[in-house]
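You will see two complexes here that share chain A, one where it goes with chain B and one where it goes with chain C.
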Partner chain A sequence: MKQIILLILALLAASFLYGAVGCDLNDPAKDIKRFFPDHTGYKTYYRSIQRDGGKALLTKVETRLGDKFTGLFETIDVPYTIYEVFKGDKLIGYVHGVNQKGRYGGIQVFLVLSERGIITQLYFQRLSSRNGNLFKARTFTSQFAGLSVKDFDTFDIVNMKGTGKVTTIKNPAPDNDPDFAAIMRGIKKNLVLMEHFGRWGSL
Partner chain B sequence: MTNINTIAYKNLRRKKIRSILTLFGIALSTWILVSLFGFNQGYEQSLNKDIDDLGFQILLTAKGCPYEAATLMLQGGAGLRYMPETVLDELAEHPEVQALTPMLMQAAFDPMSGDTGSMIAYTGVDPLTFPGMRAYLKVVQGAWFTDLYADEAVIGYEAAELEQREVGDYLLIPGHEVELKVVAILERAGTQDDGTIFVPYKALQKIFGQEGNITSVGIKVHRDVNVSGYEEKLYQLPDVQVVSMAQVKTTISNLVDTARVMVLSIAVIAVLIAMIGVMNTILMSVLERFPEIGIMKSMGASSGQIFRLIWTETVILCLIGGIVGAILALGLQVVTEGLVRYVLPYSPKGSIIRIDALLALRSIGLIVLIGLISGIYPSFRAARIRPIEAIKSGESEV
Partner chain C sequence: MRYERDYHGSIPAKSLFLLLMIVFFHSVPLPAGTNLLNLEIQAVGKYDLSNSEFQPYSHHKHDAMQKPSIGFDYIHRLRGKSRDWGYVSIQSRLAYDELRENKIEAQLYNAFLNWKAPWLDLWIGHNKPALGLSSYLDNHAQLLIDNTMTALNFDRDWGVGANYETETIDLKLSLTTGSGMPLYLDETYLVSGRLGVGDLAKGNSTVGVSFAAGEVLHSMGYNVMHGEKAHQTMVGGVDGSMRYLDWETAADLILGSYDEYYAYTGLLRLNHYLFPEDRASIMTQAQFTRLKNVTDQNYAVAMQYKISPALTLRAMYNYRHLTENHTVSAQLFYYRGFIF
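Now for the complex of A and B:
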């Protein structure tokens, strides 16, 4: 009993460790099976902007994103979880998620990517929004299949303006719901980061 | 008296090395003594603060009601039981009670979380009493809500991180379409509070249609109250269950008692070492000065004057040694605390060695008292010296 009490007290006395939290799949084995039905295995690894290149890399990411990382939780030390998916020895794709601040809560934007970084699926593991069902609908998410970071390069996620395929994707929610802009930012952030974390990456 | 003091002082200066070594020994003993008393004082205060930081020692809930958010979510938000808010008035009349804080736990299903949705738990609290009960909950951004009826929220660090919320942002309660304004984010505490969304309990009652109901009451009892006994009294209330942290309090009290016994034991040893050291030094000095004391007596010094002379020397040594030791203890307080923390398996938060002027003065007084006691025998020996024998022994040595 004394050990338990000491443990409780130690927890109370614990200094506050501000380790940022990334975005993991809740049930990776089941989710990856769903995204890649013919896969034979996957590897999980963790990267962060701070470890990989520090402020210089952050500047590159922000420049490509067209927006600054802001707030308490969008920081340089956020660890990102990357799932590399294999069929035999062959890399067949990636799954990567990011946290994005929405109007009423966190949006966990997962992208299922080909081995060259092309979006095959968009998956919201968490989506706190008044119009969550509209954003989660297949009619909306399927529009992102086939897009890559190059398509988003011509799209300004701050002003929601640009050229190319991305501009054809419209806000499915009424009243110009700002969660649409948050989702677009989350997707672009995810793609830009994968330009660094992915094996094909050039960032 | 002045003459005796001067002679005693001069005598001590004649054997500088021995006097300095004795002073050093007394100073070290005083340092240990002051630090130990400071530890006894600081450790107890810090542990008591840890008990206070634990908040309430008793959680009174409606019978069968889950009292942790994790349990509530495991049960899919079901199984909540309520008690009327009026129970607070009844409890407030108990003399054992120091403070009370009402709580209301509620859960809402969020269909947008994961593939099948999940439960989100909300804890309704009283902003006037709850933050005081959970003193370890520190705000990293913003401030606790003050309006009991406001649709506002204070979020634990992990919940805020998951929801990416900051002060000024909004949270939506699924199914109720009520927006809560985030007014504060808490620091990470390493407890279940990190994942909690706190809302004013009156506002939560209104949102969930539970006006007049609460699910639990946190009870903080006065320090001298027998918690187990009080629990029995609480069971006389209808349809309640008591979740107790009495064992935590008892164990902490046992830790304090053990530490006190340990400190006193070491203090007694330190005192004994100091006494024997002083007695030995003064006795050696008396034996060395046998002929000299004999001459003083033959010149008219009385036994009483010789006794006072030797006793004064002892007091001077102890007084100076005590002052130096107390200064050492005060100056090296941080170092001593570091050493003690390194050795102890668990150290509470806050300063565990607290030395104040009164403690230092008391310790110096104790050291002087020890000097007075340990100086009695050497002084008595010196007072009993017969002049002729002393002078003869001096001649034979020559």
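Now for the complex of A and C:
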């Protein structure tokens, strides 16, 4: 009984520490083969903001994102899984996912990126939404191909306003579904994080 | 051959604890990590309303889950020059067990090597057998009981397995010792397989059919029942899970023969998620079992709330028909990841 009480006290004290679950591919071999048909292999790495630069890095990320990290999915120590994809010894791209708060639970927003961080594909591993089919449709996701973090630098994901190519992407859902704004925020967050995690990294 | 009979099949507690400390503290500050270590601590107990008794576990004194414990969940990626070729997964706990002299039970859950072969994944070690809902749904932290807590399935078993996936199907096969958590290499075995269609995460639904046959032990945690007698079993199963917006349901039915007696275990679970980010949920579950002409039912209502990203509170009311027991369980579960 004493041991259980001690455990409870330890847990309550520990609860002020961070901790969040990351976002990785459920079937990386199958998914990466679909994203990069010519690849010969991939490597998996785990990174976190806390480990890579702590609060100073978090501030840089939030500034570039244009919003604060909040909620269960956006703690400073969440482990991010980065897949580096190779053809022979040559790095040909990345796959990276983030958890983003959606209307019904979390949305897992994966970006398939070139070796310089340009989006080649947008992939939702998890999306529970009335308009899920509209968001997953190629007519919507293909609009993001060719975009980079620079395109999102001129887009305010809080007020959903800005300039440039990103503003041409419209909500495909008929009822002004808030998951559209969540998806845009998830994509920008993903790109900003990869500006640090990617080998070309400028953040 | 039986492994470590003195510990009823469990690994020595001190050795496991030492391994835990070495793994946890031996971190090299590299800019990119190939290791992910999750620390887990849980405080759990149950109050039996029928006899006004508190018990330091959530289900049964011999069951491995859930008991007050500290543990870890470790993944190490194995790689060559330009590709990952596999990973090692180790998941273990030091649990409080009032039945043991030193009050500690060392528990091993995952302990396997996964090799990414050209067309499929192969594993060897201690892993989930390819049978039913539990082959892909993680019940590791949950209070709700599942079909691995009956004699017809195992939460983990020792052996080898193969996973083959395409865009539409998911095929799992395994050949294991049929002993569960303890490692027994005498006469017992379990061959099992599951063919699934769909993916709960990607498509919000999955269904599968399973089969299993073998001569298995009836083990609860590291305790082997019935004088270590092997039981002939041959079962088939069907399982499914689906999520729609804030609702999720899961069903798992395994039925067939157990020592030539008709046997089954089936459950139906319904979750309703509350608040953004699925911060809380309410669950109801009914489970029906039959083993050697003894039938039983468990009816449960449970809740879960994430106090913080690392800390979850769970509570459950369960009614067991066979013993007419009403119990209330509560759990605080801490889970946090470290990269190195």
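Just so we're on the same page, the second predicted complex is superposed on the first by the 184 of 203 C-alpha atoms of A that agree within 3 Å, B and C clash if a C-alpha of one lies under 4 Å from a C-alpha of the other, contacts with A are read in each partner's own complex, and residues count from 1 in each chain.
Criterion: contacts are C-beta pairs under 8 Å (C-beta built on N, C-alpha and C of every residue); 3 or more make two chains touch, one makes a residue touch a chain.
Just so you know, these numbers come straight off a predicted model, no measurement behind them.
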Chain B versus chain C as contact partner of A:K101, first or second or both or neither: both
Chain B versus chain C as contact partner of A:N190, first or second or both or neither: neither
Superposition-derived comparison: chain B or chain C, residues of chain A touched: C
Chain B versus chain C as contact partner of A:T44, first or second or both or neither: second
Which superposed partner A:N171 touches (first chain B, second chain C, both, neither): neither
Doubly contacted residues of chain A, that is, touched by chain B and again by chain C: 1, 8, 10-12, 14, 16-18, 20-21, 26, 71-73, 101, 104-106, 124-126, 128-130, 132
Complex contacts: residues of chain A adjacent to chain C: 1, 3-4, 7-8, 10-12, 14-22, 26-27, 29-30, 34, 40-48, 51-52, 71-73, 75, 77-79, 82, 86, 88-89, 101, 104-106, 108, 124-126, 128-130, 132
Residue numbers on chain B that touch chain A, as the complex places them: 50, 53-54, 110-114, 136, 138, 140-141, 158, 160-166, 169-172, 177, 179, 185, 187-191, 247-248, 251-252, 345-349
Residue numbers on chain C that touch chain A, as the complex places them: 31-36, 41-45, 54, 56, 68, 70, 77, 79-84, 96, 103, 116, 121, 165-167, 199, 201-202, 204, 243-246, 273, 276-279, 306-311, 332, 334-337, 339
Residues of chain A defined as touching chain B within the complex: 1-2, 5-6, 8-14, 16-18, 20-21, 26, 71-74, 99-107, 124-130, 132-133, 136
